[in-house]
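Input: a single structure, listed below in C-alpha cells.
Chain nomenclature is as follows: A, B and C, assigned in order of appearance, with residue numbering initiated at 1 for each chain independently.
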Amino acid sequence: MTPRLALAGVTFTHPGADRAALRGVSLELTAGEIAMVAGAAGAGASTLLLVATGLAPRLVGGTLAGSRTIGARRCGIVFARPWTQLTGLCSTVEDEVAFGPASLGRPLAEVRAAASHAIRQLGIAHLAGRDPAHLSGGELQRVVVAAILALGPELLALDDPAAELDPAAADALYALVPSLAADGMTILIATPDVERAARVATRALVLEQGTVVADGRPADVLPVTEVGSLARAAGCPPPYPLDVPALLARIAPDAGGRAHDSSDAPPAGSGPDTGAIAR
Amino acid sequence: MIGYVAGRSPLHRAHPYTTLTLAGAVLFAAFAMTEPATVWLLVLAGAALAATGGVLRPSARTALAVSLPIWALLFVLYGLMGADPRVAVGPLSLSAPGIARALVLGGRVTAIVLGFLTALATTSPHRLVEAMTARGVPFGRTFLLASTLTVLPRMQERAARILEAQQCRGLRLGGSVPARLRALGPLALPLIFGALAEVDEQVLALDVRGAATGGRRTPLDPPPDTRPQQALRWGLLLLVAAAYAWKFWRMRA
Amino acid sequence: MSGWDLRIEDVRYAYAEVEALRGVSLAIRSGESVALVGKNGAGKTTLTRLLVALIRPAAGHVAVGDWDVALRRPDEMARRIGYVFQHADQQLFARSVREDVAFGTRRLGRHGPVDAVLEELSLASYADVHPYDVPAPLRKLVALAGVLAMEPGVFVLDEPTAGLDRSQRELVVAALRRRSALGVTVLAVSHDLGFVAETAERVLVMESGRLAADRPAREFLYDARALAALGLRPPATAEIGRVLKLPDAPIRSEEVAAAMRGVRWKQNPE
C-alpha cells in the first residue's frame, strides 16, 4: 500500500533563516495512522506539518532537500486560531463548509451533499444556518474541520487545534480524531498539549531542533508529562505514566495501607459528555 | 461606522453590482460637476441613497466628521484668500469665486464619502463574491475586492484591542505632539505585524480549501439580477458619461 | 513589592442590551491568589476589564487599594495592576524582546528588572531577537515578562497558560508563586485547573453575570459535580487525591507527591 506520506532525509530551511527548521527527517505514514509530534517551541513541529501537507515550500517559501512523496490525494491542515481560517465571505456555516468543494467547480448538488456529509460527521448540523462570525472558538474549529473534510482529504494535519478552546471543547475536538482515522484518514498532530494528543495517537515522534530523536508508541517515547513528573517525585520507577488512569494503574493494590477501588478511577480518555459525532 | 451593516433595505436586497454602480455613479459624477448647485444636488442624492439603505445617520455622521476639517480648510484657502470680486458676509469679506470653488470641492468630498460609506454598509461581502463568481470572475479578484470590504472593521477591532493593551502597559493617550508621535509605534506596529501574520495564515487556510485552484467556482447562492436593475446600471453609466461629455464640451466652449 | 486589595461592590455592566454583570460584589485581600472560573460568556473577562478602567460600570464601585477606579485611566491603573491579556502576544512591537519587555516599566518611569525577568522565563537567549521571530508560545511569555518587569502590586491574567507546553506553564506558575510569596495580589481567569491548583488559594465562580460561588481552592477542585456543571474536570492532582483518599485534600503537585510517599509501584505497566 502506498504510504500517505514518505519523507526521506528531508531538510527544510525557512526563507531568510540561518538554521534549518528540519534536519534529515525520515518518516512514513500510512492510512488510518494517528501520529503526534512533540517537541519544544521552535523544535520544528509546525514546520513538519507544513512540509507534510505540501504547503512548504510551495506557499511559505524556503528550501527543501531530501525526498518527499505525498501519496495522499488531498491534504488538509487546521491551525490554532479558528478566526483566521474562515473565508470571511460566507454568511452561514453551511456555505463556509461548502466553500471548498465549490472552489473545485463541482456541480452544486455534489457541493451541497459533500457539505452536508461533513457537517453531520462533525455533529454541527444545529449550526448549519448560523453566521460563522458569531460562533465560539470551539464551534468554529469544528466548522473549520468540517470545511476541510468536505474536500475529502486523505491526510489531515492538526497544528495545536485546541489552543484557543476551553477544556470541554478541546476534549470534543480530540474525541473526533479516532473516528476520522477509522474512516482511513491519516492524521498528524502537533501540539504542546501532549496529554490530550497521547490519548488518541497511535504513534509519537519527538523533535529536537529539527531532528526526530524518538519515534514509537506514545507511552514509550514521549517526554515526561505533568502526571509522569508527579509519579516520578512520588517514587514511581520508569517508564512514567502519561496520565492519571495510567498512574493509578501502576499502583500496587496493597500499597501503603491506602487501598483504592480501581472502579473509582476515571476510564482512559474520559471526560464530560461533549457531543458524540453523528454517524 | 465603517463596514457592512446587515439589513433588509432595497439597497441590501439589490444585486451588489447595482449598489456599487449607484455609489460609483455618485463618485464619478461628483468630478464631472462644476457648479455648486449641481454638486450639492449630488450630495443630496448621496444622502438619499444612504437613507434608502437605512444607514443615513451613521453615514452622515462619518461623512461630516471627515468633511468638516476639509470644508474649514477650503473656506480659508479659497473663501478668505481667494480672488476678487469680493462679497461682504457679516464682518467678513469673502471671495465670490473662491466660495463657489470651496463649495464645489467640499461638496465633492462629501458626496464621495457618503457614496462610499453607503456602498460599504449595504454590500454584503458574501453576496458580492457570489455575484462575481456567477459572472465567472476568477476567485483571486473576487477575494481581493471582498477582503477590502471586510478589512476595515477587522482592523478597527484589532486596533482597539492593541490600544487597550498598550494603555495597560502605561501608554498615555493624547498629550503633546511629540508624545502622540511616540505613541504611534506601539499602536501601529503591532497592527501591521499582526495583520501580516494573519494574512500569512489565511493564505494557507484558503489554499487548503481549494481557493487557488484557478478553475471556475460553483456559485452557491448567486443574488438574483433583474432586467430593470441591469437597465438602471447601464442608464447610470450613460448618465455619468454624458455628464463628462457635457463638462468637456463646456470647457471647450 | 507588596500587593493591593481589590474591592468590587455591586457592579453592573451591559454590552448593548446584554447584561454582562448583574450586581457582582467581591473583595480580594492584598497578597491573595485567586482564580476566576466560569463558562464562556459568564462575565469573567468583563470583570477584569473593570479593574483596569478599560470599561466603566453602569452601577457600583470598584477600588484598588485606596484608588477609586472611576477616577482613573487605564494607563494610571497600570501603576498598580499588571494586566496580561489572553492574546497579549498581539501587543508586541519593539525591535527586540528586551526592548519590548522594558517598554511598560519605562513608561511608568520605573527601572524594572528586565534582564532578571528574561532569565526567569528562560527568554535570555531571545533577548536581542525581534519578537515576531520568536515562536508563538514564547511570544506569550515575552508579553508576561513585560508585565512582570513593571513590578505591579496586582497581577490580573486572562488565560495565562493557553497554548503553552508543560515546561512553559511551570515557568509561569513559578513566577506567580514567587510574587505571591512577596505579597503581590494575583487574580487569574483560567480554564486550566492544573494551573489553578498550583497557584490559587481561592476560586470565584462566575455564572451568567453573577458570582455563583466563592470557595477555597482545595474544596472546589475536589468537587467533581460542581466542576462538571462548568464543563470542567478535576485537575490531575485532585483526581489522584480523591481516588487514593489522600489526607488534607492536596492540590499542588509537591503536596500530592509527598502524600504518596510510601505508595508501592508496579515495576512495569501492564
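By definition in this document, contacts are C-beta pairs under 8 Å (C-beta built on N, C-alpha and C of every residue); 3 or more make two chains touch, one makes a residue touch a chain.
Everything numeric in this text was worked out from a predicted model, so none of it was measured.
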Next on the checklist: Once you draw an edge for every pair of touching chains, what topology comes out, line, ring, star, complete or other?
Outcome noted: complete
Item to check | Which of A-C and B-C has more C-beta pairs touching across its chains | outcome: A-C
Checklist entry - In whole angstrom, how far does the Cα centroid of chain B sit from the Cα centroid of chain C? => result 43
Checklist outcome for this item: Cα centre of chain A to Cα centre of chain C, whole Å, reads 28
Item to check | Residues of chain B touching chain C in the complex | outcome: 158, 161-162, 164-173, 185-186, 189-190, 193-194, 197
Next on the checklist: With touch defined as at the start, can you tell me which chain C residues reach chain A in the complex?
Outcome noted: 39-40, 135-138, 162-168, 191-194, 228, 231-233, 236-237, 239-240, 242-246, 253-254, 256-257, 260-270
Item to check | chain B - residues contacting chain A, complex | outcome: 124-126, 129, 139, 143, 146-147, 150, 154, 198, 200-211, 213, 215-221
Next on the checklist: Show me the residue ranges of chain A that touch chain C in the complex, using the header's touch definition.
Outcome noted: 40-42, 80, 136, 160, 163-164, 166-168, 192-194, 219, 225-227, 229-231, 233-237, 239, 241, 243-244, 246-252, 254-256, 258, 260, 264-266, 271-272, 274
Checklist entry - Which residues, counting only chain C, touch chain B once they are in their complex? => result 52, 54, 73-75, 77-79, 81, 83, 85, 87-88, 90-93, 103-104, 107-108, 132, 146-147, 150
